[in-house]
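First chain A sits with chain B, and in the next complex the same chain sits with chain C.
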Partner chain A sequence: MEEKRRDLMEEIAEANSSASSGIDDKKIKHWIHIYVLGKQYKVPASLTIMQALEYAGYRFNKSVGCRAGFCGACSTMYRVEGDYKIKTALACQTMAEDGMYLVQIPFSPAVKAKYDINNEPYDGNVFLKYYPELARCVSCNTCTKTCPQDLQVMDYVQAAIKGDFQKVAEWSFDCIQCGLCAVRCPAEIVQYHAAQLGRRMYGKYGLSEEPNIVKRVEEIMSGKFEEEFKKVMSLQKDELEKVYVKQQNEREIY
Partner chain B sequence: MAMKLPYYPGCTLKTKAKNFETSTLAVAKELDIELVELPKWNCCGAVSSIVTDDLMHQLAPARNFVRVLEMNKSGIVDNEYRLVALCSMCYNTLKRTNLLLKNDHEKLKTINDFMYLEEDYNNEVEVVHFLEILRDIGFDKVKEKVKVDLSSLKIAPYYGCLLLRPKEIAIDNTEDPRIESDLLDSLGVKPIDNPFKKMCCGAHQTVQDKYAVARNTYTIVSGAIKAGAEAIITSCPLCAFNLDNRQREAKELYPDFEGVPILYFTQVMGLAFGVPEEELGFDLNYNDPRPLLREKNILK
Partner chain C sequence: MAELKLINGYPEYMRESIKLVEKTRNKRLNTLPKQMTMEERDEVLRTYHPDYVEGGKRAIRIGQNKGDIAPNEVVDLLEAYPVIEPDELNLNEIDYDVDILIIGGGLAGTSAAILANDNGIPADKILIANKLRHGDANSMMAQGGTQAADRPNDSPVIHYIDVMGGGHFANKPDVVKALTEDAPVAIKWLSELGAIFDRNEDGTFKELTGGGTSRKRMHSCQDYTGMEELRVLRDEFRNRDIGNIEYSPVVELLTDPSGKASGAVLWNTETEEYKIVRAKAIIIATGGFGRLHIRHFPTTNHYGATADGIVLAYRAGAKLRDTDTVQYHPTGAAYPQQIIGLLLTEKLRTSGAQPINVHGEQFVFPLEPRDVEASAIIRECYGNNNGVETPTGMRGVWLDTPLIDIKNGKGTTEKAFPAMVRMFKRFGVDMIKDPVLVFPTLHYQNGGVETDPWGHTNIEGLFVAGEVSGGVHGKNRLMGNSTLDCLVFGRRSGIEAAKYVKNVQHAGELTLKHVEKYVSMLKDEKIETTRKAPILFPDYRGKKVLERKIDLMH
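What follows is the complex of A and B.
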């Protein structure tokens, strides 16, 4: 058992070595086939979709950002051979699978309404004022099925129609604005922009002021951090690198 | 023990027509009825689609029916599959899908297949309007709760289309509905018969052409006034908006037109039951009914 387990771990490490230490094709044991824009590529197993595409020779100048699942730039749609379902993913967070038919969605053509929350009364009708198409929701739930963050998107859309700021804000809190919901919606709603309006309104009017934040803002305004900033700005490249590495090593992991 | 019923508020009752909901919940409580809001309900769809292959628009109502199954499963209600609607538009939309799925098993299957993340729906639910619940428990029971004398009030029922058409979903006789006048009778109010009680208010046309709607408002409201009414009751936030707010445009078109207040039937019930004024939300009625009610010594 022990031995078998070690074998397995070694295999995994080996399969991963391409990603961790550069790629030496001869060392790679496990390969998969993926399709990018209809063209087949053989890529090492155990890469993320993003890494697999890069291995296949694609260079990202769009559809990439943080590489950490936070920025929402790497929206991907795919099907897997043998399954009719259309699926979505963040390319930087999802492992490539054998038989994937992939496409990157670099941008969701969604218009963001212009508003000034300081001039909006805290009234639930604000959602339909700026995004009247919300009322076209047919509750098909496609947005929820699409969301790579596993949010209950349809539920927050429905909460928006009812003007419930708190629910919109809380249920959409983990949205990273990848835009896939809006791409798939048959009612042509721009869910994530409407949710952002909800969070802004709720943040301004629905929540009580956080004393810590008020204090910190005062500190910033009074110039408490100016000195530190000046110091950092005056550093040479190699000094800056050192500071950065030190800071990365010391930083708290959330 | 209160009768616990799954309750579908609909979007308007959470925004523009909050007074319809607060007054209903208050009078239901007096009658020992607990209306339990459907968890995570979605919009009814607002307009029933009459295109036979447009199943997409049947999803919203169907999904709400699944919520009723969940309420029963989790014990929020006990073996209670009646879904109570208040807004006439929601009632109409929900009920039409309710019937469509009962009569067409193939469509039901397609919808269940599409909503594969939900529990299967097998026509367990029966959509009813709150007025029907009142009729079922008996208007004599309603009468027992009356504490305030409203006999000086003359009110005309208004049904519009949505409670009566199409006839398969009508809550009453489509030609000569009585349910609202029976209710008014039991509340000690004199019901006034308006020959235009079933005329369409103009519905969503109000967005496109408010003057077209204002003309209907004029006809319907004037009909009630001529018959002697001092106010009109309705069970529909859209009808209420058209009959109430569009009186402004009606006055532009017909300068000698004089309006009357438009009330939700539950606001009148609340007055009769002596429900505190705050719960009846008269401040949301466009034509303020309070002067009339004060004049009649019903409100202080």
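What follows is the complex of A and C.
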């Protein structure tokens, strides 16, 4: 039985190997060509841009992060052979295509304004106060076309100019701060920093105080749960397990 | 270009199985399999959990935890030689002279920096060292939520009991008390800094349950919870001008002649030069080890999750605990190939998605603790042979995501899980209409450097916070307790380190004596290897390239 189960782990390891131990060339039937610094590399089809670059020989020490589309570290610009358009993508969330000319953008030299959230009046002018260049927006929509999250960036920039915190917060919420909008913007606006300012102002001043959390923190500070903690923490393991099982059986589900 | 003809993202043979899932969907809507008894849980764990199945672990041969068991991949790093030659470094020229050095800029490290500053340490006397950019961390990828017992039918004590049971009662009780009692404080703090948590129409927090949690206490920001929490804290950190250095991992700690933690060696990954930091206190907040691909599992983890923190701390003499357990998240993506291993948040299941086998049948209660749920999925695929095989040979079960909209109303999935919907769409799958294929994925380092409720380790001047620490989660962490762990113990270690540095002097002399001693222990134990650690980054380069690589620049 023991032996059999060890085999089970080997079987799983073999099934998972493409994701953990690297690609086996023999299993690849379809190949594409990509270009890095103009140089051609042959890589397996059906990889992300990031995986393709790694296959080609790159071991990243920048332009890489979560590899799941949450952190904005792997901003990429590319052009596809035969097309003049410059496109943008996250390398970890985009399939490599035949004929891609790729370049990674590890950093955007954008300025973030400094402010004190506790002493900032909840006033729509705050956007232009800290990011006056917002007013230079020419509504060209390049930011929106650039955004790898498909956000309506230009719309939230316009909302910021009008001082509408709620719209800025809602429309920019899925921003991963990759910086591609700012890199492409002809008016040198730093959309993602302005959006961050807007979300924090809205979160702090635009939303009502949550009643349960305020009450619970007061209760904790006043020591309300100390007695009960003492009781539970003095239980032997089997007694605590009983309490646990009972609690699990009475659980809220949906 | 594709190898197989795909119909809305899936090959035809997988479509056949999806039809069976669709057929049983209405019948399953309001019925769930029973929760397992404690005995049933034990049975499935022993037989199918990668931690319990023989062959993946061995004893550590040197150091504080000599004789303790850990995954082979972790022991390999603990039994590796340093990346630097101690006698080649000039430790007398100090590049950064600070009170507190924080290693790692995720939720734990950033919280620590802000709280240290709040507690009287000037911004220029605090330094965060980041391996990549500030905010490059697993925290950023946390989807589901953060637990805090704040609703009237809940309490920190109920939360405490859930955590202890989920961790198989191996947790450190006083640390769990700190976790559960500080949870509401942490959520209130984030709200006051402007983090936007999901709300109900009456203004209260929208809260859900998780596997093994008995009350609804999961606070979420759609499925971008960690990202929202961390970007708010990072913005606050930047507003305060706290010291920050990027692309500069710590490759070794420095100690004073008495063994106190006193500084660190940074390595600039661009220029490859080293820099010396002198600090009165050090907080390690480097996260976990997902990128070690333990037992060859794919992982949900950030590229930088390479166990650097435990390696550095262990060499300096820190004690580890619960090194024998690894958390496999029950639902990693198993298809399509580009996203294998990536996280499909537990919140999908708390919102109604059910695990379903190839025949369209339920086989497990959807909200068991993670280790139990993961084992049940492995059993269904490899024990009962009821999995779906992908074109690349992986097996998985369906997570029936269309149930979420059916249960909660059209549009719910898109609103509550924009990141997930977006990710699948990018690779051709519509998770609102079709189920997605899942298999357990390496997710979390349950154990780590032993800590007390304030982040202290057994080494003077050395603190830990977040995933790198051990004790709070016992043998298995519950959903929503990792971001919470980072927030609570990041804050606590920041407060405590601030208190500590006010009463101590800088080290007179910085040394690498602990490293020299460690190397001689390796030699005494006759451990001969070319392995070096910390490894800093995983390596996914193509094999053909590596065969022809020659190093001409050194």
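In this section, the second predicted complex is superposed on the first by the 188 of 254 C-alpha atoms of A that agree within 3 Å, B and C clash if a C-alpha of one lies under 4 Å from a C-alpha of the other, contacts with A are read in each partner's own complex, and residues count from 1 in each chain.
The working rule: a contact is a pair of C-beta atoms (placed from the backbone, for glycine too) under 8 Å apart; a residue touches a chain by one contact, two chains touch by 3 or more.
Since the structure is predicted, the reported quantities are computational estimates derived from the model, not experimental observations.
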Between chain B (first) and chain C (second), which does A:Pro186 come into contact with in this model arrangement: first, second, both, or neither? first
With the two structures laid over each other on chain A, which partner does A:Thr48 touch: chain B (first), chain C (second), both, or neither? second
Between chain B (first) and chain C (second), which, if any, makes contact with A:Ile86: first, second, both or neither? neither
Counting residues of chain A touched by each of chain B and chain C, the higher count belongs to C
Just checking: does A:Pro211 make contact with chain B only, chain C only, both, or neither of them? Give me first, second, both or neither. second
Look at A:Gly69 in the shared chain and tell me whether it touches chain B only, chain C only, both, or neither; answer first, second, both or neither. second
Which residues of chain A touch chain C once you look at their complex with the stated criterion? 2, 5-6, 8-9, 11-23, 25, 29-30, 32, 43, 45-48, 51, 54-62, 64-71, 73, 93-95, 98, 112, 114-117, 149-150, 169, 173-174, 176-177, 196-197, 199-204, 207-208, 210-217, 220, 225, 228-229, 232-233, 237, 240-241, 243-245, 247-254
Residue set of chain A touching chain B in the complex reads 124-125, 135, 137-141, 144-145, 154-155, 158, 161-164, 186
Within their complex, chain B touches chain A through residues 11, 14-16, 40-43, 45-46, 56-57, 59-60, 63, 114-115, 117
Flag every residue of chain C that touches chain A in the complex, lowest number first. 1-3, 32, 35, 38, 47-48, 50, 53-56, 132-133, 135-136, 138, 140-141, 148-153, 155-158, 160-162, 164-165, 169, 173-174, 177, 181, 184-185, 187-188, 191-197, 199, 203-205, 209, 212-216, 221-222, 224, 226-228, 231-232, 235-236, 238-239, 241, 247, 269-270, 293, 295-300, 302-304, 336-343, 350-352, 367, 378, 382-383, 392-395, 407, 418-419, 422-423, 426-427, 439, 536-537, 539-545, 549
